[in-house]
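Notes to accompany the following structure.
First chain written, first letter: the chains are A, B, C and D, and each begins at residue 1.
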Amino acid sequence: MPTEATDRPDERRAAERPGSKRMTMAEAIERFVADGDTVLIEGFTHLISFAAGHEILRQGRRDLTLCRLTPDLLYDQMIAAGCARKLVFSWAGNPGAGPLYAFRRAVESGEPHRLEIEEYTHFGMVARLAAGAAKLPFLPLRTFSGSDLPAVNRRIASVRCPYTGEELPTVPALEPDVAIIHAQRADEQGNTQIWGLLGVQREAAFAAEKVVVVVEEIVSEEVVRSDPNRTVVPGLVVSAVVHEPWGCHPSFAQGYYDRDNEFYVAWREISRHPERLASYLDEWVYGVDGRAQYVDKMGEGLQRLAAAEAWSRPVNYGF
Amino acid sequence: MARGTDTDTDTGGFTPREMMAAAAARELVDGQVVFVGIGLPNLACNLARRLQAPDLLLIYESGAVGAVPERLPVSIGDPALVTNSLGVASMTEIFYYYLQGGRIDVGFLQGAQIDRFGNLNTTVIGDYAEPRVRLPGSGGACEIALHAGEILLLAEQSPKVFSERLDFRTSPGHLDRGDARRRAGFPGGGPRRLITDLASYDFIDGEMTLVGLHPGSTIERVRESLGWEVRLATDLATTPPPTEEELHLLREVLDPGRLYL
Amino acid sequence: MPTEATDRPDERRAAERPGSKRMTMAEAIERFVADGDTVLIEGFTHLISFAAGHEILRQGRRDLTLCRLTPDLLYDQMIAAGCARKLVFSWAGNPGAGPLYAFRRAVESGEPHRLEIEEYTHFGMVARLAAGAAKLPFLPLRTFSGSDLPAVNRRIASVRCPYTGEELPTVPALEPDVAIIHAQRADEQGNTQIWGLLGVQREAAFAAEKVVVVVEEIVSEEVVRSDPNRTVVPGLVVSAVVHEPWGCHPSFAQGYYDRDNEFYVAWREISRHPERLASYLDEWVYGVDGRAQYVDKMGEGLQRLAAAEAWSRPVNYGF
Amino acid sequence: MARGTDTDTDTGGFTPREMMAAAAARELVDGQVVFVGIGLPNLACNLARRLQAPDLLLIYESGAVGAVPERLPVSIGDPALVTNSLGVASMTEIFYYYLQGGRIDVGFLQGAQIDRFGNLNTTVIGDYAEPRVRLPGSGGACEIALHAGEILLLAEQSPKVFSERLDFRTSPGHLDRGDARRRAGFPGGGPRRLITDLASYDFIDGEMTLVGLHPGSTIERVRESLGWEVRLATDLATTPPPTEEELHLLREVLDPGRLYL
């Protein structure tokens, strides 16, 4: 080997790679989420890491730029807790159950403090993450025409097609400081497998500077290798792997547990009243030391959500 | 759209929302590819699948393709949409390849405000920077409005919803006249039909035109709940009421818990 | 239903959809490949439909624009047979075994006739198909810089990023008249499942006007629905489904049969000599009436390529 | 590069290609992500995995990620690369997310013509429009050359390969001087080392500089097989010959059929 080897950037980078990336949620948030960061906890209805969001609140992070297509209950909680400086999003409602009142209070009357917003459509957010994953500064896409959105978001621009002369809308790449991705399973290196709705989990992971993967199960490399097409996020982009069963509740993990729709419906009234929301956070976020305690505290309530069985047929990878 | 409220009136053995679901289902043609929303659009599509359109292909924004939900989905990403579906697309594929790719025949949209050209506001009531009411925003609505072969609109009539001017235009309908979309180069056809709790409208020369009154409804009630003088079709019809079969399927099979009816 | 319904374009389109799209290879090529078409038979080393290419030759199609990242042996045969007017490609070699001599003769000395070429890099071809699939007129990508390729291919252009001001290379969308995709299995509606190397099969299918899917197995819809994340090409973009076991030979189908590397090596000498190539075509293409006869004629030679078993672990889709 | 030919000379119990494979393997550092080609690069990577770099992550252009081929792959898309791999990426992901995304530490390249700055020609000998010899073209080489953290070049020395001027520049090395890539804004570092059947070269100020002679090789032989006066490092070394262990692994485990050695 050449004698100058240890000065090479690739070698330094390699030396940072640990044998296992497994750590607790508290360690992962401590190491990889800092005050002022741009944070993306993704998952389109499916695989939303409530466990990670709650730990961010427990650790008292501040001035975050929160990004998600659908802020959902999780970001409503985080906005209410005051950790967000800015929200980047495309649809801010309680899916199937009404408004997100904490989000509305922040935007309509600056409570608990003023929240800056940067708003796109779903397609716009998807394209921003695809551009970020590809390390392109922008991507063209056909939306926004005939909408007032470009008038209120100057980040929406356009480009002239060099072939047709047509003017196409563009969005800038979104490259979060950290993406937090829930998944069904991963090995200790972070090779992550997802089935069911994929959302933008892959793009989020490739777009971000650091990636925390949270899983229902840590599996051996052999399980991953038995079905390589199931791998959505490769370990090489992953910074931390956290084992957190039931880590999505009240969101869901296909094949593990159903969405807790009763809670989504109940959130309507909780979030409508700031004091009820505060006592929810006191009890279920600040009042527990982590997801395991949350699960214990939920008790029987969770078991009714456990998934029934509907197994895939295996396929042959032999040659 | 909000769930059916106490003001729903029973009209000859069915509710206005049952009428809307049945009327919307009848608009769907077997073999079409439909971009489905939760609530009434989902009920309409699954009703049509059980009647005239067994091969209607249901695609949900969340990525489920060819879904056959065995329970009423309560969110656009309900796990029941995935189990036994024909495929799952990532959202990059859904927006770039399916919607922008021109693969969707019919899209359903709703709006907090709708104007006479079928333009929609789901963003704010009041000023954008200092809104009186902040609504959820576009989600996928703007791109559905641009790319689906045609749009079916669903809404409950009230002057608050049907207003002459939108506070914010989230998703384009026919802009300000019949050929505006074509001139603007929009790929999809835009709103074709609007079904409300009172009546059905076609977009003729791009403008909402009353074509059918639901049983029990009157032109006067329609006029009271629109923010402008509505255009009338020359041959105004009465919507056939929901059939026994439609009502049976809606009530006993599709939404027995009356979540959306 | 409104009385004007039958005049609606969507209804006409729906009426064309048959209950089953299954047909023979001869029917599929007869219906969906015409003289002068731009034809894409994709598959990156894996899943190359030799069966479809051979049927195109048997039916005597002419003036085709053949597109593929890697022309491979199949397009070498088709070029030799004289059906190609133009080749759009990014790497024209015999993978692991030397040159494609028929391609070389066409380019170096115009035999059997002059072949127009349009040349990209792999990334360029991938981006062209991704643009075609998304119905965008172009996509930006970072390649070609420092290469002489843009000087010989005026279709490579550039666009200025509206955010950074940076000039980025672009390629135009590729939207073939017909794409032919081999896969492991599909149902009769064309819902197509692939595992192992994916190449650009998905992008090819979405980019093309018409899509012929050729499979090792036709399966029931139930098999497809047991594992929806395995579906790479949805039936809604598919025009025809052809059942053609061993349809890739000498290419391969993971889980079904291995690549016939001996044939790839042997092709070097066959293609080097025009008369040997001609007699190969006479015997193995024009001398059989279809893939079934080819398989019979191969006899025992194929069985040594049958795949061993290496089954994936099933996953739970329940809720 | 062509397979080992009859002109390979046995030099102290090993062939020049065995020396190349061993020398290339020694350049790889545990934990690196390597974009692997078929033939010698594949042998070098799999040799390194069995020695100093067990966690070398092998990615093949065809989409196999974390491949552990149980037989010698004979094409870039050999099915053995997929079985028991860690993941399969579509080619869109490979090029947009892995390569352009800056995830590749090391790429291997070869060339029919190579100039002193490590620029490569794999397109044509002669004129592009009327070539004397039409070569395969870029494949993924141009983007590997631009995006990989560093490039390792492999070639057999001859004046035909190492020419002062390329007939066509397919993939950029250091263009025409040491800082040209940085000035052009190329994301990857470009060629770092070249290993031939005779010697090893580093690219110093962007120029091929002889740093080590393989056992049995001489400066004279090196000079005869280059199309220009080669630059010499001040401290010229002799490449350590392949060890017993390297030879055992190459001959008995990795390529027992001597397909590439």
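A few comments on the model shown:
Heads up, the rule we're going with is that contacts are C-beta pairs under 8 Å (C-beta built on N, C-alpha and C of every residue); 3 or more make two chains touch, one makes a residue touch a chain.
As the structure is a computational prediction, the values presented were derived from the model and not from experiment.
Where touching is counted per the definition, the chains common to chain C and chain D are A. Each chain gets one centre point, the mean of its Cα atoms, and the points for chain B and chain C are 39 Å apart.
Between chain B and chain D, the centres computed from C-alpha atoms are 59 Å apart.
Here the spacing of chain A and chain C, counted between their Cα centres, is 36 Å. In chain A, 135-136, 141-142, 166, 195-196, 198, 202, 226, 229, 252, 254, 258, 307, 310, 317-319 are the positions where the chain touches two or more neighbouring chains simultaneously. Taken residue by residue, chain B touches two or more other chains at 64, 79, 82-84, 88-89, 96, 100, 187, whereas all remaining positions touch fewer. By the definition of touch given earlier, these chain pairs are in contact: A-B, A-C, A-D, B-C, C-D.
Taken in their complex, chain B has these residues touching chain A: 38-39, 61-64, 74-79, 81-84, 88-92, 95-96, 99-100, 119, 123, 128-129, 131-143, 145-147, 168-172, 175, 181, 184-187. Taken together, the chain D residues at the contact with chain A in this complex read 26-27, 29-33, 52, 55, 57, 64-66, 68, 79-80, 82-89, 93, 96-97, 100-103, 105-106, 149-150, 187, 193, 202, 211.
Taken together, the chain C residues at the contact with chain D in this complex read 44-46, 69-70, 89-93, 95-96, 99-100, 103-104, 107-108, 119-123, 126-127, 130, 141-149, 152, 166, 195-200, 202-203, 252, 254, 258-259, 261, 264, 307, 310. On chain A, the positions that touch chain D within their shared complex are 1-2, 5, 8-11, 13-15, 17, 133-136, 189, 191, 202, 206, 221, 224-226, 228-229, 231, 234-237, 317-319. Residue ranges of chain C in contact with chain A, taken from their complex: 135-142, 157-164, 166, 168, 170, 172, 184, 193, 195-196, 198, 223, 226-227, 229-230, 252, 254-256, 258, 307-319.
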